[in-house]
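Heads up, there are several structures right after this.
You will see two complexes here that share chain A, one where it goes with chain B and one where it goes with chain C.
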Partner chain A sequence: MSAAYESMWKDLGLDLAAHDVLLQVLGNAYRDIFLSQKDRPGGMDYFNFVMSEVHGLRIKELLESKKKGKKVIGSFCVFVPEEIVRAADATLVGLCTGADFATDEVDKILPRNTCSLIKSAFGFKLGKVCPYIESADMIVGENTCDGKKKSYEVLNTLVPHLYVMDLPQTKSAEGRAVLKSEYYRFKEAVEGLCGVRIDAAMLKKGIDIVNAKRKAIHRLSKLRKADPAPISGLDALLINQVYFYDDPARFTESVNKICDELEQRIKEKKGVFPQGTPRILLSGCPMAVPNWKLPWIIETSGAVIVGEESCVGERGTRNLTDNSGQTVEELMDAIVERHFQIDCAIFTPNPDRLNHVKEMYREYNANGVIHYGLQFCQPYQIESYSVEKALEGEHIPTLRVDTDYSMEDVEQLKTRVEAFIERLK
Partner chain B sequence: MSAAYESMWKDLGLDLAAHDVLLQVLGNAYRDIFLSQKDRPGGMDYFNFVMSEVHGLRIKELLESKKKGKKVIGSFCVFVPEEIVRAADATLVGLCTGADFATDEVDKILPRNTCSLIKSAFGFKLGKVCPYIESADMIVGENTCDGKKKSYEVLNTLVPHLYVMDLPQTKSAEGRAVLKSEYYRFKEAVEGLCGVRIDAAMLKKGIDIVNAKRKAIHRLSKLRKADPAPISGLDALLINQVYFYDDPARFTESVNKICDELEQRIKEKKGVFPQGTPRILLSGCPMAVPNWKLPWIIETSGAVIVGEESCVGERGTRNLTDNSGQTVEELMDAIVERHFQIDCAIFTPNPDRLNHVKEMYREYNANGVIHYGLQFCQPYQIESYSVEKALEGEHIPTLRVDTDYSMEDVEQLKTRVEAFIERLK
Partner chain C sequence: MQAAGIDVGSRTIKLVVLDVTSGDIVSYRRTETTFNPHEQCQRILSPRQWDALVATGYGRKLVQENFEAHAITEIQAHALGARKMFPQCKAILDIGGQDTKAIALDERGKVRKFEMNDRCAAGTGKFLEFMATSFQVPIERFGDFALSGNAGLTINSMCTVFAEAEATSLMARGHNPQDIALALHLSVVKRSVSMLKRVATESPLVFSGGVARNRCVATLVAKELNSTILIPPEPDLIGALGAALHCRQRMLSGDSRAQS
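Coming up: the complex of A and B.
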C-alpha cells in the first residue's frame, strides 16, 4: 500500500503519518510471522494480497460501491446478522482492532482495566488510522460484555452513526424474544439506511451469500483434521480474519480454491509441519488482525494449531442459517435461531461451549487445548476455569493463557507454551 | 461476640479460628472508625449493638426463626425484590462481602482481575466465616455485571441452593418483560421454598414492610440536608448497611428513633462537624460492611458525607413500591415498576443515574462529588467518565477514585481526597 491511496485516506480523515507507521508495523509483522512460514499453500497468495491491500484496494472498492449507493455497515461482533445486511445489498465489515494504538488517548476515556480489544478499537478511532470505521455509514455495537456495552456509550460521543443492539444473557424463551425483537429492529434500521424494504427473496439471497462463506470455511476446517496438517493454524486464522473484510463471493471462491489444493496435499501426505507434530486446539477470545501473538508463539514452539474455538473461528462460523423459509417471518426466525446457538461466554450458563470444545478436540485430533483469555475479558476469563476443569476431568491437557496485545510477555508465554507442548509429546 | 455462640457457629460449619480472627479485625476496625467519632447521636447505640452482634444474636434469631419453619434467603443485590420474600414470611439477608478473606483460595478459582466485592463474597464462603450464607435456605444470584453473572456459575459448585435471576440490560419494553417474567419465576421459587401460595394480601404486607424501611431511610436522608450535618456519613452509611441484615420492623423503629433525635439536633444547630464543613456526595459502587475505607478517609480529611448515590444508599432505597393494587398481578406490576427504575450502571444507556447524581448534589447541598469505582467493576468504572464529564460540565467539582478492599493505597487516597477537599473550601 502506498502513495496511490494517500488522497483517499486523507479524504477519509485519516492521520497519514500515524497511518504510515501502522502500515509499516503491520507489514513487518506480516512478513515475519506469515511470509516466513515454510511450505505454505499457493492459495495463500490471494490472502497475502488481501492483507497487503486491506487498507488500500478493499477500501477503494467500498468507497466505489458507496458512490453507487451501496451502504457500508461496520461491526465488532458475530451477533450482528450479516444475512440482513446482505439482504439489503449493503456490505458488512469488521472494524479495526487487534493492536495497541493511541493508548495515551484511550486511557483518558476508558479505564485501564479494559480489555485490549476494546481499547484497540478506540485507539484506531482516536488515532484516525482505521479506514473502515471512517467509511462506515452505520456502526453497530452490541450489548455483549460489560466492557463493550458500557464503552459504546463513550464511542457514541466519537462517531456520528452508532447503532446499539441489545442481546440476551440467557438461553431462555425471554432471551430468544429479546434477540428476535432486536433483529427485527435491526432489519428496520438497515432498511431505513439503505432505503429498501427487505422481502423474502432478498433475505434468502442474503442468507445464501453468508452460508456460502461459512460452507467454504467448514470445508477448510475439515481438511485440518489431516496429519500432517496441510495448512498452518496461522494461515487458517488469517483466512478466518479475512472473512470479516473481504467481498463474500470472492472470499468464498478463494477459500474453495485453497481447499482444492489442500485436498491434493492431503492425498500426497504433504503438510506444513511433519506428521506427528503436537496438535493444538485454540479456545477462547477472538483474535482480530494483527493479533497473531499467541498462534505465532505456538507454531514456532513445535506445535500446529488445528482449530479455533473462537468468534474468529468455529464459534462464529459453525452453523448455517436455514434458508428453506418462504416468508420474511420464517427466514427471520431462522436467522434468530442460528445466532441464538452461538455459545459466547456472555451467556449464563453456557454448557454448549464446553461440549463444543470437547467435540472440536476430538474431531480435529488435537492433543491439547490452549485457552486464550484476553486480560480483563471477564466472561471468558471466568469461564476458562470451568473449561479447564471440564477438560482436565476428561484427561485433556489444557493450558490457560491470559494476555493482552503488548509484546512484553512474549518470552514468558513462549516458555509456558513450550513446556505445555513438551507435555503432549 | 464470644464463646456463647461457638457451638452455633460450629454447627453452621464455620472455621472457628478464622472466624475469631475476622471478628477481631472487624471489632478493631469498628472501634477505630466508628466509636472514635465525636458527638455521635445516642441512637447509634442501637447500631453499635447490632454490629457487635451481627454474627451472633442476629444469626441466633435467624436460626430460631428457621426452627419455626421460616426460611432465610440470602442475596447480593438490590434487584432481588424483598417484597416477595417478606410476602412469604421469609427473611431476606445480604450476604457477607466487604473485606478480603481467603484470597489465596479465591485466586485459584476466579481471575485476579475480578472486583473485590465478588472476590470477598467467595472468600467468606471458602474461608467458612459467613454465618449468613451458611444459614441461608436459598442464595439468590443475579445477572448484573459480567463478574457476578459468570462467577455465579462457579459459586454454584460451592453452595447447594443457588438460584440465579436474569436481568435486562436496557430499559426497553423487552427489558421490562424480562424483569417481569423473572420476578414471577422468583415468586414461584419463593413459594416453593416456603410452601405457601402468595396472595394479594400477603404481597401487600410484604410491600408495606419494605416500604416502611425505605420511608425511615428517606426521613434520615432528608435530615442530612442540614448544616451542620446532624450525623456523620459513616454512621449514615452504617445504617444503610444494617438495612440489609436487621429485622425490618426493629430497623424501621430504630431509624425513626434516631431521626427524632436528629430533628432535635437540627433545631439546636448541633452537628457532628462544624457548620460550613465541606459537604461530599459519594457516588458509585456499593459499600458493604466492613468496606468503610473511603468514607473514613473523607471524614477524617475535613469533609462530611451528606449522601450516598449507591446501592447501599439512595440508589437502593429511593423509590417506594406502590401498594394500591388489589390483585397479585397489580402488586407484582408495581414491584416490577419500582425495581425497573433502579439506575444501576449495568443498564445502557443510563441517563437517569447522571440526573440523580446532579439532583442529590443539589438536594443535599453538597459542595463536591467523589465517585467511588471498585477496581475491575467495569460498568461503574466506564460510566464514571460520563458522570465526571456531566458534573464538571455543570461546574460541580468531581473526584474519581478507583480502589479495592486493600489498605495499601490509604495514604495515597488520603492525599488525593485532602487536595480535593481543599478545592471545595
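Coming up: the complex of A and C.
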C-alpha cells in the first residue's frame, strides 16, 4: 500500500523511511501472529483489511472528512467521552501507544523507568511515524497516572493542540463533581474546536452511536462464553483495538456480522481450539496495537483467552450511557455517570475492579486469570497484589506477569505461561 | 519399556532413563550445553535406549521439534521429581544456571503457585559461576571457599555487574576474599528465599538444581528459613527425573506415542 499513500504521509510530515520500517515490522508481526491462526471466522477478513489499511485508507478517510470541516480528536484513554466528540460530528481516534519506537529519542526526554505505553506515544511522535497524531486537530491528554500526567507537560512542547483533562482519583461525591465539571469544560472545548453548540438532540445522537458500538462488543463478549471458543482471544482483542480507530457505524456493523457467524459456529460446536482447552481471563493494563506479545504467548501455549479485563476490552466498553434524558444537562449527567463507573487503577480504593475480575472469571467460564502489569505502571502493578489476593482467596488460579513491549523476555514468559496452563489442566 | 526425561538447561543437559514397570532409575548422564545444544542433545540421546521421551528446560522445544518428544515446563518437572524423591515435599526451591524458581505444591503434589526470576540472571548459578571466575576459584569449590569466610560483610547489589564492582571495591579495601565470597553467597540466598517466601512458606522444602550442590548456599538457605531442607543426592537431575516420570505416566496411561 506504501506507494499509493506516500504523498499523503509526506504531507502529514511523516518520516517516510522510518514509517516504512514500522509498516514492515507491523505487517510481519500481523502475518505471524494473526494470519497464521487456524479456523479464524470469515468475518475477520474485514479486520484484516482494516489493519492492513490502518495507516492508509483510514487516514485518507479522516483527511477527506477534515476537508469537509469535520474535526479529528486524538485520545489516549477511555475516560475521554466519545459521546461528546460524536455529538459535535467530530471523530475520536485512539493514538498509537503499543510499540517501542525511536527509543533513543524518547530516552533523551523521559526517564528510562517510564512505562512502555507512555514511551511509545512519545516514540511515535518523535519518530514521526503516527499519521493519527499528525492528523489530529486536538489531542486530549488526561490526568490519570503520574507518568501520563507529568509527561503531558513534556508532550505539550511537542504537539500544537494538547488539551489536558483533569480526572478524579476517588469515587466520592467530590470526585464525581470533578468529572462533571471537566466533561462540561471538554464539551465547551469541543464546541469551540468544531464551531457548534451541542444541543440535546446532538448529544443523544452521539450517545447512540457510541452505545451501538458498545452493544456490538457486548454481544461479541457473550459469545466468547462458549466452549469451544468460537473466536480466538487474539482476534477478539484485535476487534477491541480496532474499536478505537474505525468509523463507528461501519465497525458496529462488522462486529455484528462476525457475531452472526459466531452464533452459527456455536450451534455447530465449532471452535478455534478444541473443546476443553484451558480458558484464560486476561486482566490488567491496556493493550494497544500492536501490543500482542502476551496474548500471542498464551494462545500458542495451549490456552485460549476468553475475556479482557482491560481498557482495551471490558473495562473500556462495560455499561451503556443512558440516552433517556431530554435535556443537555440530563444527558451530560448520564455521560458522567457512565464514565464514573470505570474501575481504573488510578482510583483509590478501587474495590469494584476486584469484583469485576471475579465476575468475569465466572461469566466467561475461565479456568484461570493472568494479570498483565506493564513494567513501571505503578497503579496496576501495585493493585495486582490485591487482585491476586482476592482471586486466590476464592481459589481462582492466578498468574501475575510484569512485562513491557520488548521481546527479550519472551522465552521466560513462555515458561511461566506454559507452567500456569499445566496447572489448569 | 523405558521412559526417558531430558532437561536441557542453560549450563548442562541431563538425561534420566526409567524402567516403566518398576519406576526405577535405569541410568542417567549429563553433558555440557555449550554453544551448540542441538548437537549436545544428539550426543546425549544416542544410542537410543528408551521408548519415549519427555523434554524440559529452556531447550525443551528444541528437543520436541527434533527428537520426537513431548515437552513440559521445568516447573512441572521439578514438582514431579522432587515429590518422587521426597513424597512429603510441599515446596521447592530450584536454582539452576539461569533461572531461580520457587514452587508451592498442594497435598497431592500438584503445583499450587510458582514464581521465577525475571529477565536477569542475578542470583542464579551463572551469577555464582561469574563470581567464582573473578575469585579464580573453581566453581565446584566456591561454596566451601565461602564457608571458610567470616560473616559480617554485605553485598547489596543483585546485578551481576554491580555486585562484581562491589566485591572488587571490598577487595581493594583489604577484606578477605573468603569473607567477600560468603557475602556474595548470602546475597544469592536472600534473594532466593524472599522469592520463596512470596509463594511458599510450607515445609518440608526440597532444594534442587545445580546450585543445591553448593554447600554454602544450602547451609545459608536452611539458616535463613530456620528449618531443615531436603537436598536430593543428585539435585541437578531433579528436572530430568520429573520429565522421565511424566513420560512414564504418559506411557502407563496408554499414550505410548512420544509426540504430543
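Basically, the second predicted complex is superposed on the first by the 425 of 425 C-alpha atoms of A that agree within 3 Å, B and C clash if a C-alpha of one lies under 4 Å from a C-alpha of the other, contacts with A are read in each partner's own complex, and residues count from 1 in each chain.
Basically, contacts are C-beta pairs under 8 Å (C-beta built on N, C-alpha and C of every residue); 3 or more make two chains touch, one makes a residue touch a chain.
Here the structure is a predicted model, which means the values were calculated and not measured.
*Asks:* Considering only the touch criterion stated at the top, classify A:E394 as touching first (chain B), second (chain C), both, or neither.
*Replies:* Neither chain B nor chain C is touched by A:E394.
*Asks:* I'd like to know which partner A:V178 touches here: chain B for first, chain C for second, both or neither.
*Replies:* So A:V178 only meets chain B here.
*Asks:* Identify the partner contact of A:Q412: answer first if only chain B is touched, second if only chain C is, both if each is, neither if none is.
*Replies:* In the superposition, A:Q412 contacts chain C only.
*Asks:* With both complexes overlaid on chain A, does A:D45 touch chain B (first), chain C (second), both or neither?
*Replies:* A:D45 sits against neither chain B nor chain C.
*Asks:* Under the stated touch criterion, which partner chain does A:R423 make contact with: chain B (first), chain C (second), both, or neither?
*Replies:* A:R423 contacts chain C only, not chain B.
*Asks:* Per the overlay, which chain contacts more chain A residues, chain B or chain C?
*Replies:* Higher number of touched chain A residues: B.
*Asks:* From the superposed pair, tell me which chain A residues show up as contacts to chain B and also as contacts to chain C.
*Replies:* Residues common to the chain A contacts of chain C and of chain B are 402, listed in rising order.
*Asks:* Tell me, which parts of chain A touch chain C in their complex?
*Replies:* Per the touch definition, chain A meets chain C at residues 392, 402, 408-409, 411-412, 415-416, 418-419, 422-423.
*Asks:* Applying the document's contact rule, which stretches of chain B touch chain A when the two form their complex?
*Replies:* So the residues of chain B in touch with chain A come to 109-111, 113-114, 143, 145-147, 149-154, 164, 166-170, 172, 174-175, 177-178, 181-182, 345-346, 348-350, 373, 375-376, 378-379, 381-386, 402.
*Asks:* For the complex, give me every residue of chain C touching chain A.
*Replies:* Residues 58, 72-76, 99, 110-114, 116, 118-119.
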